[in-house]
Amino acid sequence: MIYNNIFYGLIIFFLIGAMLSIVFNKKDRLATYCSFLSAVGASVFGIIFSLSVIFGETFSLSLSGSSFLKFGFFVDRLSAFFILVISVAVFAVSIYSIGYMREYYGKKNIGYLGFLYNIFILSMILVVSANNAIMFLIVWQLMSVISFFLVIFEHEKPETRKAGIVPLHIWLPYAHPAAPSNVSALMSGVMIKTAIYMFIRVFFDFLGAGVLWWGFLVFALGAISALTGIMYAVVEPDIKRMLAFSSIENIGIILLGIGASMIFLASGSPALSAIAAIAALYHLLNHSIFKGLLFIGAGSILFSTHTKNIEELGGLIKKMPVMALLFLIGVLSISALPPFSGFVSEWLLLQSLLLSFNSTDTLDRIATDFTGAGAFDRSFSFGFLGNAGMPSTAISLSTPVILSLILLFISIPSVIWYIKNINTRGKHQVYETWGCGQPVLTARNEYTACAFSKPAQMWFKNIFRPERELRASYTVSPLIKESFKFELHIEQIFERYIYLPVTDIIVSRSRTIKYIQTGSIHAYLAYIFGTMVILMLYIILGGSS
Amino acid sequence: MIEYLLLAPVLISILCFFTKTRKQVESVSLAGSVVTLLLGLLLVVEVYKYEIIVTWQNALFADSFSAFIVLIVSIVGFVASLYSIGYMGHEYDHGVIEVKKLRLYYSLFHIFMFTMLLVGVTNNLGLWIAIEMTTLVSALLMILYSRKSSVEAAWKYMIICTVGITFALFGTILTYYAAVDILGETGDALNWTSLIAVADQFDPTIMKLAFIFILIGYGTKAGLAPMHTWLPDAYSESPTPVGALLSGTLVNCAMYGIIRFYSIASKSTGADFTGNLMIIFGLLSLGIAVPFIIIQEDYKRLLAYSSVEHMGIIALGIGFGGVFGIFGAILHMFNHAMTKSLMFFGAGNILLKHDTKEIFNVTGVVKTMPVTGAMFVVGTLALTGSPPFSIFISEFTILAAGFSQGHIVATVLFLLFIIMIFAGFFNNVSKMAFGMPKPGIEKGEVSRWTLFAMGILMVFVIVLGVYIPEPFYVMIMRVVEIVR
Amino acid sequence: MISQIAISISQIIIILALAPLLSGIIKKIKAFFQIRKGPSIFQPYYDIAKLLRKDSVISENVSWIFHAAPVISFAAVLTAGLIVPVFISQLPFSFAGDLIAVVYLFALARFFTALASLDAGSSFGGMGGSREMFVAAMVEPALMLSIFAVALNVGSTNLSLISQTVSAMGLSAVSPYHLLAFVALFIIAIAETGRIPVDNPSTHLELTMIHEAMILEYSGKQLAIVEISAMVKQLLVFSLLANIFFPWGIATKISAVGIAVALLVFLIKIVILGALMAMVETSTAKWRLFRLPDLLSISLMLSFLSIVSFIIVNGG
Amino acid sequence: MEEIVFNSGIMQLLIALILASTFLILGSTRLYSCVKAFGIQSFLLACVAWVVGFSTGKIDLYIVAFLTLIIKAAVIPYIFIYIIREIKVKREIELYVGISPSLIIGGVLVVISYYLIRSIAVITELSSFALSASMSLVSIGLFIMISRKKAIMQMLGILIMENGLFLGAISLTHGMPLLVELGIFFDVLIAVLIMGILIFRINKTFETIDTDKLKTLIG
């Protein structure tokens, strides 16, 4: 059984990485290479293992335990898909981390970070392959505790302190960015997905998705989180927090897909729910990849400019052209623009949502429409949901893929032709940017991120409740202003209107209840007397039954 | 066999009383507690083999449930005596107490052990006498430091518990009366063995009245709400090893009394009457613990209210009934005893180092006392029921029982309270554990003994979270059979 | 196979040819309403030809995006052209993309133009880009919903399939939700092509220009390409309007006569729509930017209404 | 045979007197009179035990009666008087509830416990009278502890409750088995001793034995 030793290899590699980074934690360079190279190796194992399970059969292995507590691993196709997602993201992020760690040489204890990093990934993989509820919860807790420590890894930074304090807030967007960039890439790229995994396991396997209103609930939840996520992402100045908010938005989209799939399953059209589920899972894979890419980009921006505030960034494309190109591709993909993967998954999702309005009899016409009778009928099937009790429809994703091919087919040659002939024939002078007659245009005239998102901010102003503060400092005479200080604060409606009031109520209620413990012994005796009388009445009145 | 177990602590306490120097007292006490532990384990092994042992014209007896209690008492007692060597030694070095007080402490400590062991092994309803004696001895232990607050706490403890126990006596009398109707006035009308055999023929109305008085009486000792008012004062004012014993073992002995009568009463009054009462008191204790934990300023009182919470959980477990419910409750008694005493020892170390009980002026414990700090944080995670630790397993079983027995509302409330308590408790402890330490607190642990004691308990907390040894599982299943 | 390639090439040629003509016609009609002679309808051709020959002036702090943006957006719009039925409904690449693809292709074009506008570092470009994105955020959902209404009736979002079935249904297709969707799409067309109430195409006054502000920095050949892609996009939007809602006369089979007739009918429809658009432009003034949400939410509600009415009518 | 013994005049008289003595304690404002009343009550209890012992012929009841007489009627009152003299406590008892309202409440408690035992209606007429007397003794004892401020009065309250239970035990089951009975006596004696020590300690640290001052531990 080659599966076993691949699975063992996967786990052992992570453990080696963790141990080695502890052993060498004094020597930064060695610790970095050990821990992250072993993570890369382990992720390769992960990819091989997951593919072998997806296209092979499920793998289960139970460890010995007392008759009461039995632990073991159970990797069916769904878990294997998640392991694939995790390993792909880890593969990329680990290679990146080797470079990124240079920033921490000498400053931070790299061995400790390497150890946490490896155990964190191992716990995520175990979460996805646990075979019973107790094991699942144990490893889930391990994952969140380690992510808690990873978040407060750089605890001298002010916002890290705020992020780490309230343990329940680990997943909130201002916790992820506080972690080192390579870790936050994993966190919002992959860790949130384990929550989706739990969602699917509970709703599809455990409860059998029989109830219709659960689907609508998940659907609504997805819509709300998508909307609020992107709304806050648009106006967020901190680049990593913006990415974290956009993770929430994408999680919302994935939940939309899952909700739609549950609705279809409940209303009795398994083929449709398969399409919706595929859309959700495919988007999940895309998102973990391009979110990882974007976070790595943000990390390298942070690495070179040491600032996360987008307002101060500008003109990076000239200094880091390759990184800018990669970041652009990531952005294109996340905003689902055609040639990239984001578009494919969102297209599929929109199709499934559209079909939900439609009665099932047109299904066959759609099926033919999908497969497409054209010459390019190369079906690239993602039939990996066989296990989840849904028919594995070999939905060919040819339509969007072909579209991207055509687009590339047209745009690449034209770009090359264009750049080639512009340099040769026409002359072009280089002159300063048109400033409508202004003599000198400085960088400060440019539109910063906050200005760019100003219209959106105005549109949602009763949700954001933006508080703007304009402080002018004057020179000698009140007429001549020396400088303006502009301060903008956006309301976090969830925190402000739901979370804080609830905690205030609880604390104030408990302050009032505190007076039960008055300190006078007579009151305490009266309590006992009262309970006795109440119980007596309970017996006399009700107790005769 | 049982007589030696009871005799040993009495002898040791007499010996301790007549020793002279601190070194002698500590060595005698240590030797004594080792002997008690061995005897306790021997008894458990014997009960594991022979199911039931009865001696002394069946005034003393030991079935698997009492063996379970003896096991808890002897383990926590042994670890507490280890800890008190370190703790009291530290107090002695700093001149807080002199030799006479130290000798008094150790002798009372072992008598306290004796009384708790007696609770476990008395066959007849003389259980009441044993629990009454525990109250008296622990009250004396509390006034070791003649501070104002500890005297006040001792007085309140004494009065409220004695009132509670008087009610329990009334319940015992009523049960005896119901038993006499059936068994006649023979001597053994009070013994568990004969009572359980014939429990279903008792008159239900008398048994209801009896169960109520027992529940109020022993509930006061166990710290179930609204009779829990003495608990925070007693735990925070008594010396830490005594606090650990109080919270670790004494509440379990009281719960032992309640569960014994529960099994007798529920046979005649029907399980839902007694079960509902247990659930009501369980939820009440959980509910009252939540606000006090969230806004607590004194970390010892924080642990006290967590005891109220866990006793509520055990009562809930029993109330839910079914194999799962009772199994979870019994396992929870063991897990809670281990984790709570671990936390008390941690709190004791912090108190010795920072000399203040305010959560507000204690920070950076992980930095000043790395080992204690780490164990304290792990203990907190365990106590609030987070997965890899033992308490999670028992709470999970009780939850499963709650759902399967159909008490949905109670279980959902139970879950809600636990989450709130987790948030409040972890928030308070993280204020103490993390952050920059206060100036003027030099780094370094209190003493090796304390760490050794905490280490033993840590083993139990972690191991039982992942793997439950076979004999332990069999023993608990036997206890479940007895209770059902 | 060959006929399909021929069709797609001819489609591209026709689109490229007609696009400047359409904007010329609209300018002519607008001038007519404003009782002035106005430039000839072929003026756009001359402008483009002139621009292609002129040298270009490029700002110094500009990166490769500035050069790539016009080409990419032109390519995107052209690819959309392959999918939108113009004169024949049996398009070879129809399976490769559908309504959602068209919307996203337009989004890709808009994305790159906005990116280029920021690249030059002038505040005009930034302002244009930010407003364009703001308008786009409101336009896209409405555009998609309005065509969804029709797609629901047909059961698929494939544009050529839609135009084929609607043309087959003949006049019976004109039901209430059909008209509602048309009005919604018409408002979107105004926003998409940057016409008066939303944006003023013919001005360089920074307060009112959105689309113009983005391409302020371009000159010479690059400006020509940008202008052409804008015109092609306008033509495609108009053909969407025409061939989704009133596709009668579109050639369903490949036959010389059918294609010729289809071309003629298509031209007439385009001119009528252009006139309609010009009438709207002359009669209304440009709205303030932050009143645009009201206008576009009207179109959103209209398209939503049409979907709801479709479901009620058909008891979906 | 129990019924004859129980409804004989002496028993009813003795139980009524016990109830009267409790009301005496409720009504008195001086410590000494409370202690004396407690002494009388314990003596009466011993007589009840002796009468039941005599009529049922159980020897250990004689021992129990004798023990009650010595411990409860003599030793404990002596301890009380020793404490009062030693602490030189002011003789009056501060009360939360005035004398007359506490008497009324005492009466109400007796009626409730009588009605309560009747509603359970399980035992014969007279012993139910004895059981309701013991119930009322217990509740009045608790009430005394709640309403009196002096620590000594709280001690006295506990002892009254314990007397009530003893009366209940005898009336219900002619006393528990001897071993248990001895254990209970032993416990009560030690409890009183320890409470005495505590009261001395409170007096030393708080300079007063008024439990109203014991309110430092809050929340």
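First chain written, first letter: the chains are A, B, C and D, and each begins at residue 1.
Convention: a contact is a pair of C-beta atoms (placed from the backbone, for glycine too) under 8 Å apart; a residue touches a chain by one contact, two chains touch by 3 or more.
These numbers were taken from a predicted model, which means no experiment stands behind them.
Among all pairs of chains, A-C has the largest number of C-beta pairs in contact. Subunit B has its Cα centroid 45 Å from the Cα centroid of subunit A.
In whole angstrom, the spacing between the mean C-alpha positions of subunit B and subunit D is 31. Our note on geometry: subunit B versus subunit C, Cα centroid distance of 78 Å, whole angstroms. One simple way to say how far apart two chains are is to compare their mean CA positions; for subunit A and subunit C this gives 35 Å. Multi-chain contact residues of subunit C (touching two or more other chains): none found. Shown for subunit D are the residues in touch with two or more other chains, namely 142, 145, 154, 211, 214, 216-217, 219.
Each of residues 514, 517, 521, 525, 528, 536 in subunit A touches at least two other chains. Of all possible chain pairings, those that touch are A-B, A-C, A-D, B-D. Put simply, subunit C touches subunit A in their complex at residues 1, 55-61, 63-65, 67-68, 71-72, 74-76, 78-79, 82, 92-93, 95-98, 100-101, 104-105, 107-108, 111, 115, 118-127, 129-131, 133-134, 137, 144, 148, 151-152, 155-158, 161, 206, 216-217, 220-221, 225, 289-290, 293, 307, 311, 316. The touching residues of subunit D, when paired with subunit A in their complex, are 96, 116, 119, 139, 142-143, 145-147, 149, 154, 211-212, 214-219.
Listed in rising order, the residues of subunit B touching subunit A in the complex are 155-156, 159-160, 163-164, 167, 205, 208-209, 212, 215-216, 220, 226-227, 229-230, 232, 273, 277, 288, 290-292, 294-295, 381, 386-388, 392-393, 396, 420, 423, 426-427, 430, 434, 465-470, 473. For subunit B in complex with subunit D, the residues that touch the partner chain are 59, 124-126, 128-129, 132-133, 136, 139-140, 143, 146-149, 151-156, 158-159, 162-163, 166-167, 169-170, 173-174, 176-177, 180, 185, 187, 189-190, 203, 205-206, 209, 232-233, 236-237, 292, 296-297, 301. Taken in their complex, subunit D has these residues touching subunit B: 120, 122, 138, 142, 145, 151, 154, 158, 161-162, 165, 168-169, 172-174, 176-177, 179-180, 183-184, 186-187, 190-191, 194-195, 197-198, 201-202, 204-206, 211, 214, 216-217, 219.
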